[in-house]
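One structure below.
Naming follows writing order (A, B and C), and every chain is counted from residue 1.
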Amino acid sequence: MSSRERILGRVRRALADVPGDDTPYERAVVRDYLREHGGRTVDETVDLLAENLADYRAIVHRCAAGELPSLIAALLSGRGARTVLVPPGLDPGWLAAAGAERIPDRAESDPHELDRVDSVVTACAVAIAETGTIVLDGGPDQGRRRITLVPDHHICVVRVPDQVVSSVPQALGRLDPVRPSTWISGPSATSDIELDRVEGVHGPRTLEVVLVSGR
Amino acid sequence: MRVALFLTCVNDTLYPDTGRAVVKLLTRLGVEVDFPMAQTCCGQAHYNTGYRHEAEPLARHFAEVFGPYEAIVTPSGSCGAMVRELYPRMGERARAEGRGESLAATLAPVVPRTYELTEFLVDVLGVTDVGAYYPHTVTYHPTCHGLRGLGLGDRPRRLLEAVKGLELVELPGAEECCGFGGTFALKNADVSAAMGADKVRNAESTGAEVLCAADNSCLMHIGGTMGRLRSGMRPVHIAEILASTEEEPLA
Amino acid sequence: MSGTYLGMPAFPAAAREAVGNPTLRGNLRHATHTIRAKRAKAVAEVEDWAELREAGKRIKDHTLRHLDTYLERLEESVTAAGGVVHWAADAEEANRIVTALVKATGESEVVKVKSMATQEIGLNEALEAAGIRAYETDLAELIVQLGKDRPSHILVPAIHRNRGEIRDIFRDEMAAWGRPAPEGLTDTPAELAEAARLHLREKFLRAKVGISGANFMVAETGTLVVVESEGNGRMCLTLPETLISVVGIEKIVPAWRDLEVFLQTLPRSSTAERMNPYTSMWTGTTDEDGPGTFHLVLLDNGRTDTLADEVGRQALRCIRCSACLNVCPVYERAGGHAYGSVYPGPIGAILSPQLRGTGSEIDASLPYASSLCGACYEVCPVAIDIPEVLVHLRERVVQGGPVTRAGNKVVLRPAKGHAAERAAMRAARWAFGRPGALRTGQRLASRTRRFHPRTLPGPGRAWSATRELPPVPAEPFRDWWQRTHGGEAGGK
């Protein structure tokens, strides 16, 4: 007997007390929890996102679409970034004013190469106001998971209000499970020393989120 | 209303003053109390130590003795929780073991009629000012089974706040267990003693003269620890404070 | 003598040492009290906590009640998404599978994300024996690994260490494992985190094989979820060419949507955050993004035995948040090592004796490592009634009964060492069954009260060593009642 059969057999014997007509999934789980917490206008939801991002030490900027290229250029130069990683589908206009050398992400670039790049600029798939979370799903304007991981400085652009949802349930509804996703709430941190939060471990130590409005 | 005092075996044997206080208090509030002499033990110690089958006859005995009463009042959060929370569970387990409905059916009637003292006062009698007088600084320790098992909430606090002359002070870490835990106090004596010592230190930090609780088992542990640590504080059951009046102050 | 009467020197003996260690007591007190207040605040922020908790409980219960169906569905989804599914009945088989998978890559080192399942099966030791070095990359696991120590907490395995001790471990041990600690390293948490970043960076960048666990597996989609803070998880899950995830079979949820419950309750319960810094979700393999090869090892190792116990199976709802450890007054004083398992604290006290059985001294003692105060149940985000299971397991220890071990039904005999206690309980039951006998005993105690010693011999010493005995009153209540009320309302 294979271990697969052995384990499944043990499970079935262990569940001998469960009747064949046990309550089906749809009725067994009562979902009377909230779809979102509190009532807010669209603007208030964006404000809450900004507030919660900042609460977990992300640096938040807000601008109109027309100001985005100059803002990104200023953020990169302000950090002294000489090189910037660019996902394949990123709007080229976003980096139009930036002086840093653009490094396209290539399948064959190994982690050591990524480690030598100063910054990365991406879009996101959705942002969650209640938790201060941005979610990347590997879309063309976000690139592979590794490019937002190895460089020490990540600039993430969120189109507001379109990409902003209030809650975790709403965010999951917008995501495709097939795509690998990364949920980011502030820069990397640890609570491993005396259960107190310290920012800055393996992921990017600086996370800047740009909330851009208008087209 | 026929009200029975379920004193508990510990109070009966070691803390008769608490029993007398409950009788005095309820009588003052116009309740006629009976003490069924056939009562013994609810079976909590047996059950919680793993001897559920030994606890069953005691639970049946309890149901038989207290069955005729409309309300069963006990000055013990943990024994109250035993009846209210664990008697139904004992019935369910017996049923799951294929022993039928008998135990569940026997125990069911006494479950909703059993009240911890402060519940009975606040919920059934609808009083918070019981006309008590107790001119002392008191800190209140909510015992675990009363707090989390029965959900006594702020009832004891409301009763104490209405006592004339009593100054109630906040106990730091109030909701932390004192470390008694029945046979835990013996089986894990070192941890139990460490918890008790921390509880006493927190109580002393309030500057109160008295640590009050609604369960004498916990007070036996806390008081015993106070004695050994030579603390100047004393443990007092809430019934004794509520029974105390200007005419007849607590000794 | 008293140990024999009380039945179990194991947990109590280990706890005694911890209680007497002031540094450890201080470290645990500081850490658990810090997180306790924060958790309460994070939970109070969401007004539907009770509903989320109930939904989480029901999702897990439903899944467990149909685990065979969901396991098969998961296997199908993962396979369809490009993953390879393996089944391991016990620790030894899981270790054999993982070792063979690593060997097949030709690599002799792996990077690891913190994983309770691989701790449970002793994977690092098994790999070591096969000549493969496993690098722990979670900060706390790194502290434990460098310090040749054992984990003492589910979420923060090095909770028993304070910043000064961590600095010393880094300074003394890092060089032997790779990049040494920076010169002049101080004990500020930020500097310690930086030292870990530098030390592990080279390992991440060259790693070809990553090993992880998972917080959740979605049967419907084949998605695995890892919830973390530092980014070491992301490193291990995305940079290597091969990813091997070892996951307990109880980690399944039926549908994608179910994550909406746990992604709200887990971060608030564990690190007291609205959301943890990083959560990774992946479904099989994705072209050119992340590992090209993905193996999922489904682990039983006592879980099906636990499932067979109708009362005890609720322990399998656990999402490993560790909130119960942080509020537990016993854990706070005894420390994690006293539990003799990778699963310490209240959840460990019900999980270890079920996964491993109650045969050993330590496992038979764990169900008693609790005052039954109920704080663990109150904070549990999936409403595991830990006190209920503790009492149930106590019953199994003292009374024996039918259990399942390695898939087979066996009848346990009552544990040795409880004979005297059992006799005492029977005697008490006999006396309590007869009010007259009880009264005789009470009167005897009252009459002899002047002669009662202040300290007790034998097992009673466990009480009187640290606590005064209550004085026995001149007469029990029932005699007073009989005297004063006997005529009118004497009752029965």
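Here is the rule we use: contacts are C-beta pairs under 8 Å (C-beta built on N, C-alpha and C of every residue); 3 or more make two chains touch, one makes a residue touch a chain.
Since this is a predicted model, take the numbers as computed values, not measurements.
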item	value
Contacts common to chain A and chain B (chain labels)	C
Chain closest to the middle, measuring from C-alpha centroids that were averaged per chain	C
Centroid-based (C-alpha) most distant chain relative to chain B	A
Approximate Å spacing (C-alpha centroids) for the pair chain A, chain B	52
Between chain C and chain B, distance of the C-alpha-averaged centres to the nearest whole Å	31
Where chain C touches two or more other chains at once, by residue number	310
Multi-partner residues of chain B (each touching 2 or more other chains)	none
List of chain B residues in touch with chain C within their complex	4, 7, 9, 11-17, 19-20, 23, 32, 34-41, 43, 45-55, 57-58, 61, 65, 89, 93, 96, 144-145, 148-149, 175-177, 179-197, 220-221, 223-225, 227-228
For the chain A and chain C complex, residues of the former touching the latter	2-4, 6-15, 17-18, 22-23, 25, 28-34, 37, 52, 56, 107, 110-112, 115, 128, 130-133, 138, 144-146, 149-150, 168-169, 172, 177-204
Chain B contact footprint on chain C (complex, rising order)	6-8, 11-12, 15-16, 19-20, 25, 310-311, 329-330, 333-334, 367-375, 377-378, 388, 391, 393-399, 421-422, 425-426, 428-429, 431-435, 438, 442, 445, 459, 462-463, 465-470, 472-473, 475-478, 480-482, 485, 489-492
List of chain C residues in touch with chain A within their complex	27, 30-32, 34-35, 45-48, 51-52, 54-55, 58-59, 61-62, 65-68, 71-72, 81, 87-89, 93, 137-140, 143, 155-156, 158-159, 162-163, 166, 189-190, 192-194, 196-197, 200-201, 204-206, 218, 220-221, 223, 229-232, 234-235, 237-239, 249, 254-261, 263-264, 271, 273-283, 286, 288-290, 298, 300, 304-305, 307-308, 310, 313, 326, 404, 407
